[in-house]
Structures are given as C-alpha cells and as structure tokens.
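Worksheet: one structure, shown below.
Here the chain labels run A, B and C in written order, and each chain numbers its own residues starting at 1.
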Amino acid sequence: MTSNPSQKAIRSATDWPVNAWYVAAASDEVGTSVLGRRICGLPVAMFRAADGVVAAMEDFCPHRGAPLSLGFVRDGQLVCGYHGLAAECTGRVASMPGQRVGGFPRIRSFAVVERFGFIWLWPGDPDFADPGKLPQLEWADSPDWAYGGSRFHVLCDYRLMIDNLMDLTHETYVHGSSIGQKEIDEAPVKTRKIGQNIITSRFMDRVKAPPFWRMALSGVGLPQDEAVDRWQICRFSLPSSVMIEVGVALAGRGGYDAPDNVKVSSIVVDFMTPETEKSHHYFWGMARKFAVDDPLLTDKIRDGQFQIFREDLEVLERQQANLDSDQGRRLLLLNIDAGGARSREMIEAAITKETLGNPTPGNEHPLGSDRDRMSR
Amino acid sequence: MTSNPSQKAIRSATDWPVNAWYVAAASDEVGTSVLGRRICGLPVAMFRAADGVVAAMEDFCPHRGAPLSLGFVRDGQLVCGYHGLAAECTGRVASMPGQRVGGFPRIRSFAVVERFGFIWLWPGDPDFADPGKLPQLEWADSPDWAYGGSRFHVLCDYRLMIDNLMDLTHETYVHGSSIGQKEIDEAPVKTRKIGQNIITSRFMDRVKAPPFWRMALSGVGLPQDEAVDRWQICRFSLPSSVMIEVGVALAGRGGYDAPDNVKVSSIVVDFMTPETEKSHHYFWGMARKFAVDDPLLTDKIRDGQFQIFREDLEVLERQQANLDSDQGRRLLLLNIDAGGARSREMIEAAITKETLGNPTPGNEHPLGSDRDRMSR
Amino acid sequence: MTSNPSQKAIRSATDWPVNAWYVAAASDEVGTSVLGRRICGLPVAMFRAADGVVAAMEDFCPHRGAPLSLGFVRDGQLVCGYHGLAAECTGRVASMPGQRVGGFPRIRSFAVVERFGFIWLWPGDPDFADPGKLPQLEWADSPDWAYGGSRFHVLCDYRLMIDNLMDLTHETYVHGSSIGQKEIDEAPVKTRKIGQNIITSRFMDRVKAPPFWRMALSGVGLPQDEAVDRWQICRFSLPSSVMIEVGVALAGRGGYDAPDNVKVSSIVVDFMTPETEKSHHYFWGMARKFAVDDPLLTDKIRDGQFQIFREDLEVLERQQANLDSDQGRRLLLLNIDAGGARSREMIEAAITKETLGNPTPGNEHPLGSDRDRMSR
C-alpha cells in the first residue's frame, strides 16, 4: 500500500481510469499457487504470502522477462520459475541464486486489498490507493444476505457491458424465457445522477411474474401466479460496477417499499474489469435477502444467471465485431440509453481528470456533459 | 428493388464489381430464421417476410450496432434481438418499444431476387438492380434436368477459384483418382471471347473414360470400357460464375454433337461470391440431363463433387498463403492460363468502369487488354 | 551445390546469419514424399531425387504460386501438384504439359547436404556453401556412441532457446523432478570463448545424483546412491547449436576426467533453426557412450528428454509473449547469462559481417564486444 518511488511513472490509460479499485479476482481464485491475469492492460501476478495476505506485482521477471505467475511461493516470497529470482510482496528482489541483488530494480507492485470476497487491485499510483475508497457492499459481510456468483471472460469493451446492464430493455429480447417480459419495454425508464452514482430505474405495476421470479416467490412460500409489482434499479459507480436492485412484491402492497413478507428481492452484482481495450473480466453474481440459509438455492440461482448472462455474451461479442468492422460509425442515443451514456460520461470525466494530471486523493470527479464524444 | 436515396453512397470496391447479381445463398438456407453472411465485404442479414419473399439489409442495427441476424422475424419485419427495433423489408424502421422512430435513419437494404433455387443479391446501387440481368440457367427450372449442389467457404481470393476452373489442366494432378487423366494436359486448349463470355474448351478424342464418367456411362446403360470422345467447355460470365459443359460420347459418334443415346453430359455449376478480399463463398453443383429421376444418383454425384472440390481447397488456400507471404512477386502467364487471365480482365474492366462512375444500366462492358495488372 | 547466378540476390537477414549450415530436417523426415518447411524465413520444399540424394528448392511454383511441397517426385524431378510443372534438383524447370519451358525462370534452389543423420541447408549464397564448414559430430557416425532425438516446433525467437541452454541454472527450477538440483545454482559458472565456441561450464563435486543420472548409473551397473562429481559443459557454435557435455562420476575419482568405468556421460544435442523471427525448429537429442547397444534405453532417454524439454517450452513461449507485449524494455544481464550473451554477440557479429557484404569463404568472424545491443 506504500508508495514505490523507484517504479516507472504510472501512465494514464485512455480507456479506463487507473486510480481506482477494480475487482481483480474472487478470493478463492488465489490460493497456494500464483494467479496470472491481465488487469487494465497490465500483466499481474497475484499470490498469497505466508500470512495469507494477497500481494500483486507485475507478471514479468526483471531478469529475462519470464512470467512470474509460472513460479511459486516460498516463505512468503514469489520465486520465478525460470532462474529462481525471489521477490518480496513489495516488489523488492530479496535473493537470487549466486547473485548479489542489491542493485536489482524493484518489480512494480500493485496496491491490493482483499475484502467482501474479492481481491481489489489499484492499477494506478499506489500513493492514492486508499482502502477507504472501496465500495461499501452491505450484502457481502452480513448474515442477512446470501451471495453466489462467478466470472466470464468477455471479448468486448467493458463499456458495452455497462450499456447492457444500464438498460434492461434488452431483457425482453435477449432473456425472453427467464426474466424478460413485454412490460419491461413498455414501462418508462428514469435516469438520474445521485451523488456519485448514475441510477436508472423502472417500475412495472400489476404484471405477471416472469419465470425467474415465480421460482423465487415459490421458494419463500408466496403465490407465484398472482399479479406483482416489479422493479429494477440499476446503479453505476466508478470505475466500473453496476448493482441492480431487482424484485417483485404482491401487487398493491407497496412495491419496492412493501414489507419483507410479501416480496422477494435481490441485488444483481456486476463488476466489469478491463483486460484489454476489447476484452474484460466480468464478475457477476446475485445477493439475496430471502432464503439465505439455502445453499442449493444459491447454486440454482447461479446456474440460472450463468445461462442468462451467457445469452448476453454472444450479442455483446458480435456487437463488438460489428463495431470493429465499421469504426467511426455513429450510433443512435435514445432515452433508454441514458443510463449507459451517463455512466460513460462519468468514466470519460475520470479519465480526463487523470490525463490532466491532478488525481489528488480525496478529490471528487466533476462530471462533464460532453455527450458528443460518447458515440459508443 | 426501389432506390433508397437516403442511404449512404455506394462505394466502389476494388476487388469485385458491385453492380451485379451475386449468389448470396441457396434458397433453402433462408427459412424462418435470419441468415447473416458477409457478401462482397458487406454484412448482410437475409430473411423471409410473411409472404415468403426474401429481403436483405445491412446486418447492423442502427441503434447500438448489434447484428440484426441475431434477431427474428415478426409480422414480416426483422426485429433486433437486443432492444427490439423492428425494420420493414425496405430498411425503414417501423417501431421500437417506447420510441418514436420517425427520425430514425433507414437501414441500408439490398436488392434481392430469388430465382433458380438461389437468392441473388446486388451489392451496389439498387437503382441498377435489374432482374433482367440475371443469368439464364436453362437447367434450373426444367424437368429435363436434375441438379444437386452445395457450398464451401474458401479462404482465398475468389479469382484464384476462377483461375482454377478456367484451366482444367489441374484435374490431371489434383484429381487424378476421379476425373483427371493424362490426356487432359496433352490436349490443346482454346480460349475465346464470345459475347460476354470467356470460353475455354478442350476436346479429347478416343480416350479411356476416367472413373467419374465410367460411373455415369454405367448409370445410363452404356458400356464403360469403350473408348470415348470427351469434352470440357468452361464458360466464365460476370461477375463471377463458371459453367462447365462436360461429357463423354462413345468414340466416333460425333463427340459433343453426338446423339443423346450414346453420350452422357452435364454442366458443372460454379458461383464464386466474394466474402472478403481473401475469402469467398463457393456455390457448386452439377446439372445433368441423364437419369434425372434418380435422386440417389444426385446424392452420389454431389458426394463425388464434394470429395473432388475439397481437393482443390487445400491447393487454393495454400496458394493464397504463399502469395500473401511474397506479395508483388510476378507469376507466369501461360496459354493454359488464358481462360483465367481473360476472365480477370473482364472483371477488371467492370471494376474500372464502376470506379469511373458510369454504371449506366444496360451498358456493355468494353474489354480492356491490360494484362500487365493481372499478375494473379 | 553450384552457384545459381540467375536467382535473385540473397538478402541478408537481420535476425540470423544466412551463410551458414542449419539443420533443416532429420534424415528420416524426407522420404518418398516432399517435405515443406520454412527455414530462416524461407519456404523450402525438400525431396529425394531418384538416387536418394536430397534436394531443396523454394516451396513456390513459379507458374501460379502453389506450394511445390503439395506435389510429388517423378523420375527424380519435383512435380507441382497443381498443373504439373516439373523441376530438376537445380531448380531448372524441365517440363510442363503442353508448354515450352526454355524461357521459364529457374526456381531458387538451396545448397543441401545430408550428413550425421540430418539434412543441412544453407539459406544464403550457394557459392559459399562449403560442406567443409559443417560441424564435426564425433558421436554421429561412430559405433562407440548411440543417439536418439526428436524435434519440437517452438513459438519463440531461437535465441531465447540458446539463452536457456547456455545457462543451466534453470534446471533447478524448471526441471526439479528430473535433472535439476539445488547444487546447480550454488556452483559457480565459468564462461569463456575458445576458438569459435562459447563455452559455459559448471562443476559440482560430491553431490547426490538427480533422478536422470541415477537411472543412468543404474543402467551401467554403478551404484546410484553414492555421492558423485557432476559436470555440465555447454558449447555454443555458429550459427545456432549448443552441445552440452553432461555426466557424473563416482565422487573423488577424477570427475570429468575419471576413467570410463566409474562414470556415465553423454552429450545433449541441440540445433535451433529459425523458422520466423518468433519461432524455430528445435532438434534435440542425446548422444551417449554407455550402453550403446540398448535401443530400449535410447527410447527411454528420448522419452525423458521429451518430458524435460516440454517443460521449457511453456516458459519460453510465455517469455516471448511477455517480451512482445513490452517491447524495448531492458532486461538484466547477470553472470549466469554470460553464455547466452556471448553467443548472441557472436551471432550479431556474423549478421553484421554479412550485412556489410563481405562474406568471403573461409574468413573468421571477429567477435565484437558490443553488449549494449544485446538486450535479450
């Protein structure tokens, strides 16, 4: 977490902010072996030191360039699997067989924090890596909630996934057999900026519950064939997450504000971590407040999400290919796109601020309104 | 078929004429679902409207760029599978959930005609898309003929396939076990331009019938071990087809002009439709005038062609790779190459004419003699 | 072996010397069929003429660019599989069906020699291709030695493999379960230039034999659990081979110079032939002086080497990918890297000499000391 003045200057990226916390892995992905993964364009080797604390450094041995993630952990140090260079968590080279390593350059290390079941990495300047800036995930450490999730590697710009999640109109078309329903695209959508979030909400009163929610109603002993009030509240936060409050309540009982015993609700969790300009790691899951002691239900929901999100992948990857083959073409920007559009504006503003070179810790990001640049 | 003035200007291609009819699909490839295919460099979505009439438009939703071919047909309109934009056959956007679509740009549509068991697409200016310019395929709609065929996706410039088909010398080498025979490369070949066709013909008198023709002779009750007179007449037409009249007659009975009861003959059908500069869709088949009521024979011939044409694929794709790795190298141009060479001249002239901007409907293409440009 | 003045000028490569003998294939790879392989960036077709003598020419038919390696050998000539052009071993076109070939350009041919069980190819000017410059391989044609080996296609610069082989420190890390042992990286390494070789040697006295050598000791009836003196002497020669004398002797009996009856030793044979700038053909094997009449042991050793060398492949290919993603980054150059570094200097000097245009036969290459250019 401490600054490392000897490492090379942090370059500003043009496709994502770098002074921010990104989900780099789920906690259980980093065990006794080393995990190599490209995060925000950077090759990263993650491992657990002897005390179980996660460390991350550039996945590039300064000796001959071999990936450190092919190595192993010994006494809390990461040992290169080619010639045995051993580095401390800080990136300092501790030893190498037959060598004096005092003059060896330090390996670039990254600020990482493990919290909420994820490993969070700050690709930018470690001086600004304040754990206080991590998002607050109420559902993650509370016995009132259950969580299940997984990860996809997606061959498209992470912002196409944000567009997707900030406009659930697509559910009617892409997910017709599970969570989509005709009323979604008939209900008006409202997009606002509240604090540092972009929020898109949609409320559907007195509709028939789609299959996913019928299963959930049934799971908590509520009737699944009665009319329900349904809601979807998508919340984008920098650098790249979308939390979606979703649920249904028996119709006329207060909807979103109905008492717990007549509704089922959950939060769809989405972290999009850029890998390259045209690919990202998509960490998804669902946190729910009902039937939290039913691990079989957790598995069932995760399987369902797996099927649903997989339907998005083909559309998004083919959309990316289409955009690649006709670069520069302008797309439409409709009211339903406002959620994605304003989220992108927020990202753009954060990038611009970093590029201008003033990432003072604690500063808030002023939001620009330059929609022109935002063509996809 | 009507002009669409609002769509963007038709760019001239440099590798193929665009104001021409190309085979885009076999009729049975387009059913209730939408077919996405790149034709002459353009992404195309083809579908059947309610009346069964085939329509084609750009495979790119103007909203967010998703491929329309991932969508579906509803009430004769093509509906995008992402957010539900619905377009008429003409490319006019008819509706979208929650949107006023009056100001939406029109989707580029293509002139298409279904005829002879194929779907023909005109990639260029729809104003010039005259169905009267379709080729006349006498074998396609006649009870005197039987037809069977299929399609290959080939990773080479479509013109390498034209070269291949306009010079059957290669049969001796590539197809030695089926249709090749030593006499092919010993017989002189003659290339002429007749009207708008380049014709390469070769006649082999008193030869032994190769395996394919022995099978055919046997199939109509003729002796398969007698000497035969054999012919191959290759006919190139713009933009990119080669029809090859092939056959054998019992020797000395008139050859090509022998009466039907002492010969077997057929037409090898080849439509090469560019996909990209280095790949094409190859629609191939055989139309025959003998044993037309024998569908098992149709299958057997198609299987045989499949095996034979597959032998060409490796040679052609490796040839393309070789040419790619040493660009600009000049090749030889021999008498046997005249068929391909003159066909390429005809293509070049058509492209030049389009590039000069004078594609007046009904005009004929003057043939240039600039062989120098024709190095492959 | 004779010069071919009509062929195009030999371009100097910038990644390898061209006026040198490279292993192009093992003898048994070229039989009755034609072998196509890219050698030093050049597409090469190798075949055996009627007398069994190996010939090599460019794998590119001058007619239409098809690969000649798809063809076949007839009467000692290489016949193109597309249209039947037939070439003599010298590259002269001998015939083509229906053509007068007197004016046909000659196909570029390469000097090749078959010796020591390999086919050696000289990619540069055939005028300088002196068989006297072939390396002397004492183990190859002697009844006192047995040899077994094979080939890998490796996706990295051939020089990364030279680095690997000229610094066996990596054995401790990459090959811990077979030939690696802790004492390797503790023993000092010494690098010298002797004549036209770079030699890196390491001697480990009174160590425990690692699994491979225990197997070898056991195979000749020596105790496998006694302390041994172990040695590794790596010898690089231009253009790109590393011969490694390896062995163990019962401790205190003279080590490398111990009598034959108390030691086992062999030569690890490595020829790295560039394919492209980022890939090479790796011919590897082991020549041994013990148990030479035991073909089962030959197989067993080859299987063992196969497993060991395969461990190197992942490291090297991932190292190449890492270097590619951060080009221009400088690596460390340590004492253990001296063997690879000085070998690269020798390669660089040979390339420079060729580039300056003075490859006089018989000249020796002066060694530059410009280490700065040698960053990988």
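The definition used in the following text is that a contact is a pair of C-beta atoms (placed from the backbone, for glycine too) under 8 Å apart; a residue touches a chain by one contact, two chains touch by 3 or more.
Keep in mind the model is a prediction, meaning the values are calculated, not measured.
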Same or different residue numbers at the chain A/chain B copy interface, by half rule: different
- line: Two copies, chain A and chain C, superposed on Cα atoms differ by a rotation in degrees, nearest 5, of 120
Message: Can you work out the whole-Å distance between the CA centroids of chain A and chain B?
response: 48
Residues within chain C bordering two or more other chains: none
Message: Looking at the complex, which residues from chain B come into contact with chain C?
response: 163, 167, 169-170, 172-174, 185-186, 188-189, 314-315, 318-319, 322-323, 325-326, 329, 331-332, 334-337, 376
Of all residues in chain C, those that touch chain B in their complex: 43, 59-60, 62-67, 70-71, 79-84, 96-99, 104-105
